[in-house]
Amino acid sequence: MDMEYLRELLNNVKNGSVSVDDALKDLKKLPFEDIGFAKIDHHRNIRNGFPEVIYSEGKTIEQIKEIVKKLIEKNNNIMATRADKKVYEGIKEIVGDAVYYEAARIVVVKRREILKSKKTIAVVSAGTSDIPVAEEAAVTCEVMGNVVERVYDVGVAGIHRLFAKSDVIMKANVLVVVAGMEGALASVVSGLVDRPVIAVPTSVGYGASFRGLSALLTMLNSCATGIGVVNIDNGFGAGYLAALINR
Amino acid sequence: MDMEYLRELLNNVKNGSVSVDDALKDLKKLPFEDIGFAKIDHHRNIRNGFPEVIYSEGKTIEQIKEIVKKLIEKNNNIMATRADKKVYEGIKEIVGDAVYYEAARIVVVKRREILKSKKTIAVVSAGTSDIPVAEEAAVTCEVMGNVVERVYDVGVAGIHRLFAKSDVIMKANVLVVVAGMEGALASVVSGLVDRPVIAVPTSVGYGASFRGLSALLTMLNSCATGIGVVNIDNGFGAGYLAALINR
Amino acid sequence: MDMEYLRELLNNVKNGSVSVDDALKDLKKLPFEDIGFAKIDHHRNIRNGFPEVIYSEGKTIEQIKEIVKKLIEKNNNIMATRADKKVYEGIKEIVGDAVYYEAARIVVVKRREILKSKKTIAVVSAGTSDIPVAEEAAVTCEVMGNVVERVYDVGVAGIHRLFAKSDVIMKANVLVVVAGMEGALASVVSGLVDRPVIAVPTSVGYGASFRGLSALLTMLNSCATGIGVVNIDNGFGAGYLAALINR
Amino acid sequence: MDMEYLRELLNNVKNGSVSVDDALKDLKKLPFEDIGFAKIDHHRNIRNGFPEVIYSEGKTIEQIKEIVKKLIEKNNNIMATRADKKVYEGIKEIVGDAVYYEAARIVVVKRREILKSKKTIAVVSAGTSDIPVAEEAAVTCEVMGNVVERVYDVGVAGIHRLFAKSDVIMKANVLVVVAGMEGALASVVSGLVDRPVIAVPTSVGYGASFRGLSALLTMLNSCATGIGVVNIDNGFGAGYLAALINR
Amino acid sequence: MDMEYLRELLNNVKNGSVSVDDALKDLKKLPFEDIGFAKIDHHRNIRNGFPEVIYSEGKTIEQIKEIVKKLIEKNNNIMATRADKKVYEGIKEIVGDAVYYEAARIVVVKRREILKSKKTIAVVSAGTSDIPVAEEAAVTCEVMGNVVERVYDVGVAGIHRLFAKSDVIMKANVLVVVAGMEGALASVVSGLVDRPVIAVPTSVGYGASFRGLSALLTMLNSCATGIGVVNIDNGFGAGYLAALINR
Amino acid sequence: MDMEYLRELLNNVKNGSVSVDDALKDLKKLPFEDIGFAKIDHHRNIRNGFPEVIYSEGKTIEQIKEIVKKLIEKNNNIMATRADKKVYEGIKEIVGDAVYYEAARIVVVKRREILKSKKTIAVVSAGTSDIPVAEEAAVTCEVMGNVVERVYDVGVAGIHRLFAKSDVIMKANVLVVVAGMEGALASVVSGLVDRPVIAVPTSVGYGASFRGLSALLTMLNSCATGIGVVNIDNGFGAGYLAALINR
Amino acid sequence: MDMEYLRELLNNVKNGSVSVDDALKDLKKLPFEDIGFAKIDHHRNIRNGFPEVIYSEGKTIEQIKEIVKKLIEKNNNIMATRADKKVYEGIKEIVGDAVYYEAARIVVVKRREILKSKKTIAVVSAGTSDIPVAEEAAVTCEVMGNVVERVYDVGVAGIHRLFAKSDVIMKANVLVVVAGMEGALASVVSGLVDRPVIAVPTSVGYGASFRGLSALLTMLNSCATGIGVVNIDNGFGAGYLAALINR
Amino acid sequence: MDMEYLRELLNNVKNGSVSVDDALKDLKKLPFEDIGFAKIDHHRNIRNGFPEVIYSEGKTIEQIKEIVKKLIEKNNNIMATRADKKVYEGIKEIVGDAVYYEAARIVVVKRREILKSKKTIAVVSAGTSDIPVAEEAAVTCEVMGNVVERVYDVGVAGIHRLFAKSDVIMKANVLVVVAGMEGALASVVSGLVDRPVIAVPTSVGYGASFRGLSALLTMLNSCATGIGVVNIDNGFGAGYLAALINR
């Protein structure tokens, strides 16, 4: 039931071809259906040029191909996250021009132009093992129409490496900071800038890192202000939030 | 906006006093307002004779009195949980015939008759320290129209005490089992009956009971079937769920 | 030893063919054997038409086949949960007409008619990855004689999808809500209905979901009333409890 | 050492009154002192009209008064968080026109005009016990120059209350969602909008809420996209981040 | 209902004064009542001369006095644990010759002679702060008829102090080892002897001792064999178990 | 250095063949070497006929064979725990008459007669999945000279099965209770007897059992007295402790 | 029993006034008494001029006074940690010249000169609330003969403040870093120096700091090398370890 | 930008070839670049003869070979930790004289002489399963120029084995103690010496060892003074810290 249907219903009430009682019965179901509000949900991605997103983990290649087939009919942009090479090859069978960002484990199918943001997002990461998560964030930002500056391997144990990139860091409009182990980078970066920082703890580490818990707690307890935290290894979520902020 | 308003709107569309476009604009707001569905929410307690519930903890006496004043206008039954004596005295200033169930820490104001259930609910508890939570469950059941059989102090360390009450336990339609420390009672009771058991872990215990975590985990991992678990010390929630089942 | 045996024993005491001392010796063993009470346990499933349940995980195919062989002699209904294809094939060698519910990972052998309940159980699930657990609950309910309505993929992030199914949800007598990640669906569903909700947290998620802990805590702390929680991924337990309530 | 000093030093090198070696020695200390970069830190609040913030908890009234005395000399705006009435009275002795936001536990001293943002921030909270944290966020936003719309007491157990405020929610540029217990509100709100949501878990609840852990995990594991999480009860941090985003 | 009753019943059946049907009705209740087996439970303490135990924490003085009054009628030994001075004074009003072991927080009322064990129990503790728990264990052992050797303040950080007491340690039949903080003493003691060691973690410590969790885990993971662990601070439980072993 | 050596040394001092200074130098090393006390450690197993124990997990077959070779020279009994079939075959190459207890995952090499205890140990277990741990305990007891009564598959969800074995349970001198999931069996058994109970939590279960944590906490918090707990899945430790008690 | 006694014993054996058997009996007790090795323990503090340490928390003023009385007899230096004003006043009654370091909560009694170390220890702390723990570390170092440089309030959120003190930091021989909340300071400091860093997590923070757990995990997972961690709030332990390293 | 560049800049300002404004612009970037301070970081390893360290886990052989290629150009010592045989073979293709310490899982390439320390480091470990971590620490110490004494398999359950090595332990300048399971060894060793002890918990154990958590907590809560703790299994970190202390 959409606006057109609703208008037709009201016209029918007006011209007497539908009784008030029948119209009432029909309208009673409205809140749980899809007028306007729900539509916004369905259509907002398309309006923004945002991609439809498929979380590949735990889905079979066949399931993913089926979903891609349906989405491609709407001529929409598509992004499959946590995608290994087999996922890419499966999607490519359906859509020949799918592009694979291997480091980010993301497959992208582009059908519509994306509105470009004028301000940059900086994606900053601590160690080389954090790069897959950082790339997931960076590519997500790019697919959503942002210019991304990557500042990698600048962990706090050698803080001069971070400072050598201060120009990039200080001119960014939004920052995504990705760090495992002790996750201290988010606090240091946030102390240098006065822009929003999205912090992504990673599961990089061993022993008392408890698969990312250590970095997660560090980021939540930061003494710096202006930090929002996402789930462990959730590069996509951080990139998406950064893109929302940067519009 | 209610059904009457909606009927009027449609009539106005029909007779031309409201244009289709204006009606559309009005209807667009519907899903977020309260036709029908939301109404059900507002009115379901009244229809069932269920009480309005006030969780007293963390509220001042003045706040509680203010809420009671508003609720009493609707001539509804009221139940204040986690209520100490001061809460009772505060409510009594507003409603002279408020009744205080001290062991259950519940104040009840009765204004409407409650539909009585024909089947009984058994409230079973392990130790004497579990009684406040058990009473919270039992009185909640009673206020919601149920006959309650109390079987207290029948912990598994002296299992013959439980068996001495087997008649009561086996004829109940629903059972609420309240236990702290190791919380094993729920498994044993559930193994004896083939009716739903609502298990309430309590924070009774010390050391490795971790304020109820031990009993909670025990109940969630029960090898017996037919057990639903509620939050630690949540006697009210268990009583409410048992009452829903027993209708 | 059952009532008939007991009556015979007493008659024998009465007519002198058994001495009081011998009868005493026999009776002394009673509490730990099976008069009445224990019998109920042994026989209750049969009386209810409830199936005997085999938890397949951690058992070899040979062990499962052995158990099925014994149970089939009693001409009882049988249900094997957490059963992969090999378990099904093993059981089929014993019982040719065993049926495999693949999505639910359940094998069913039907020998007796099950008493049908007149009221429906709704099984509601959040994401597609929650479906195996939801199906385990749904098939369990069906095998125990219930009509089940499935409402899948209605997670709270797109709440209009849930509302589109409000008719189904609101007419159910009992609801099973299955959700991983943040598990918020149980609270929202419970807020819409005034019937018992059995909440099943799933281990779907990553990072700070801590293999289902996040969803479990969410469900235990629900601000909605009328929710009983079962163990993580325990679709069978939820279905069994729902079936007990729905009788 | 600031830019003026640096310019003078260079001029002195140029005119020969300081030798190159002495200038080198002086410059060597630069990176760890405060040219430019550090200044930005010191001055950024002033430039933005942002207040200097005092976290009152764990400080004596005397300590707080001392800090206020120093800050007031710079003629800056000041904000004291987690401030009880005694803190307010202490500050008032120093600054007569200090304003106390009791519900938010914030004292504000205003000395400079704050740049106003044109877009609104919505602060949404679940229960009445969450209001102190919500107010901390709301007042922080206001003190930093934002228009705030408050949407309180709209927990997911009665989701129609949230929908009744959909207009406010959908027109906000940034949203702060405050919820304790199961914390599900953040997911539901984020599913309704396509703007950044800052989620604040609160320590409201008991038992298995583990003083806010339950709500924290819920928010981190949200199935909705576009959510950044701050520490438990950190209304100030959420408000500050929202204000940064809303500039 | 006891053996005598049962014999009488059978005799009545035999002589016709009770019908078989009435006898059956009577016998049906047997398993859940108290023939033999349950009796043992009721009477075993008396037979052993073991005291009846009252856990004082969370009980009012009035409740404790009431319980003591009832127990004293049976002329049994009584032991109240976790008893502060007020508990002692309350009990003394009822039983003039109650004895207070202040360091152990135990009140003892002695009415029957206790069977003495010939072998000694050693109670070994690490630090001075562990003494209340150690004394609870020691006095429990003594009240149950054992000779106790106390070896206090012999923590592993100064292991020569422990070795100076090797004679006492090596001639004990059972050992209770009480330690907080890192709880390493149990492993060291168990490595020195070939007798059962009951380990009691205490909540002594701060920070990462997590109120006894650290010592608890240490004791459970001991590389030494022959250690059984009880709950944190459970001196009574350890003493009771040691006394059972030492009989 | 042993007593004989010491006597010789003193004799040499006496007859002047060793100077006082040289003897002093020699004696100074005593406390850290092995007079008497340490010897007891080395020899106590042999004197008791207790086996030398090899924990196989994490050792290569070659390492285990090497250890067996050395131990066999002393003509001692040997027991290898957590031993799979390959470990058994490896040991058999060294010692032809090694015996494999497959269910217990234990290999035994017998060289000396073991002193038999007159009293029995009961090993009680809840579910079939707990049997490997139960068997580890039972075989350990047997290898150490005890008569073991096995009472398996008597979980609390069908408590009549436990009671049917009450004769066995009540005549045991020590009891080992093995249970996973909610681990309630230990409390129930301990409530039935007045003998020491060694409780072994197992990692059997899923979800909120957290690999044995649930059963562990249950056993530590038991409301029954006389229970000592060992590490999760530590059947050997429980058997060893039971054997020490049963001597 | 000391070396002199031992020499005398041997002389007596030599000259026949003690028999070999009697000497043997005497020597047998040696390992568990105190020759040499144990003496080192008793005397090492005195030799080093290190103070005897009293942990005041959980001790009564009377107990502390008693301990001081005994220690003062040996004319040794004394240090009481976690000492509030009342502890100080109590000690002062015994020793008139006791000195109270209020910020450090330490009372010092000086009787012997302490060997001074030539190299400095830097104590670095993040926030003002961390100062009590930092002072505990600093005063401990000083009492043990070290020159301490304090670098306070240099948290990573304003990293230029830390760099402004780089001279002090880089010339220290050992560094103690004290930080609560996210505890990131230890990593940053350790990255700047190539000397040992002792990291002290503090319980400063709220919510997900879990009373110091967050800072503790951060420090254990540091990506910087050369960090040793002590217990939460253990300023004394850190100072003691730093002093050992700095000798 | 280095000192030479800076001198040139100043000379150019002096001789007028660069304007003061241009110089100012250049100098403004200084703090984030690398004068002096940062250089120290780059060069400190070379000056000390310390190796460059590669953490092999999570890196491909190709990545490791690439890193080695770059490092070898600087003619520096290299150490690859957590290296299996394939890593060694890969490095050997690049550097023919690479040496593999298999037990320590470390590959070493030596190019410069390392300054030798005169004092020894003792590496003490509890069980045979702890040896890989102990060897990682020991080899790290050796590569950094230290003499290491290994004292293995001296767990506290047989404490005489530890005492038999007291000479080695007591003459060490620094001690690294490696222990899993209950980790009690660190406390015992630290109680015997008055030198710094670096404690390394290992993940050796099962059940309630929670992969090293038990040993970690034990070490953090040690009642002995002078212990610094590193992450679980972090042999390299412990060795590095010990080497820093021992210089």
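Order as written gives the chain letters A, B, C, D, E, F, G and H; numbering starts at 1 within each chain.
The working rule: contacts are C-beta pairs under 8 Å (C-beta built on N, C-alpha and C of every residue); 3 or more make two chains touch, one makes a residue touch a chain.
As the structure is a prediction and not an experimental result, all values here were calculated from the model.
J.: Which chains are in contact with both chain B and chain H?
T.: Expected: A, D, E, F.
J.: Decide which interface, D-G or A-G, involves more C-beta pairs in contact, and give its chain pair.
T.: A-G
J.: Same residues or different residues where chain C meets chain E? The copies count as same if more than half of the interface numbers are shared.
T.: same
J.: Over half of the residue-numbered contact pairs in common: that is the test. Which of F-G, C-E or A-D passes it against B-C?
T.: Answer for B-C: the repeating interface is A-D.
J.: Centroid of chain E to centroid of chain F, CA atoms only: how many Å?
T.: Using C-alpha averages as centres, the distance is 25 Å.
J.: Take the average of all CA coordinates in chain A, do the same for chain H, and state the distance between these two points in whole angstrom.
T.: Once rounded, the distance between the two centres reads 39 Å.
J.: Between chain A and chain E, what is the separation of their C-alpha centroids in Å?
T.: Each chain reduced to its C-alpha mean, chain A and chain E end up 59 Å apart.
J.: Distance-wise, how many Å sit between the C-alpha centres of chain B and chain F, to the nearest whole number?
T.: 50
J.: Indicate the residues of chain G shared as contacts by at least two other chains.
T.: 31-32, 37-38, 41, 158, 160, 163, 166, 191-192, 207-209, 213, 216, 220-221, 225, 231-232
J.: For this entry, which pairs of chains touch?
T.: Chains touch in the following pairs: A-B, A-C, A-D, A-G, A-H, B-C, B-D, B-E, B-F, C-D, C-E, C-F, D-G, D-H, E-F, E-G, E-H, F-G, F-H, G-H.
J.: In their shared complex, at which residues does chain G touch chain A?
T.: Contact set of chain G toward chain A: 126-127, 155-159, 181-184, 187-188, 190-192, 205, 207-210, 213-215, 217-225.
J.: Show me the residue ranges of chain C that touch chain A in the complex, using the header's touch definition.
T.: These residues of chain C touch chain A: 128-129, 158, 160, 163-167, 204, 206-209.
J.: How about chain A: which of its residues touch chain C in the complex?
T.: 29, 31-34, 37-38, 41, 57-59, 201, 203, 211-213, 216, 231-234
J.: Hey, which residues of chain E end up touching chain C in the complex?
T.: Chain E reaches chain C through residues 3, 6-7, 10-11, 13-14, 16, 20, 23-24, 27-28, 30-32, 35-38.
J.: Contact residues on chain E for chain F in the complex?
T.: 37, 40-41, 44, 48, 50, 53, 163, 166, 170, 191-192, 194-196, 198, 216, 220-221, 225-232, 236-237, 240-241, 244-245
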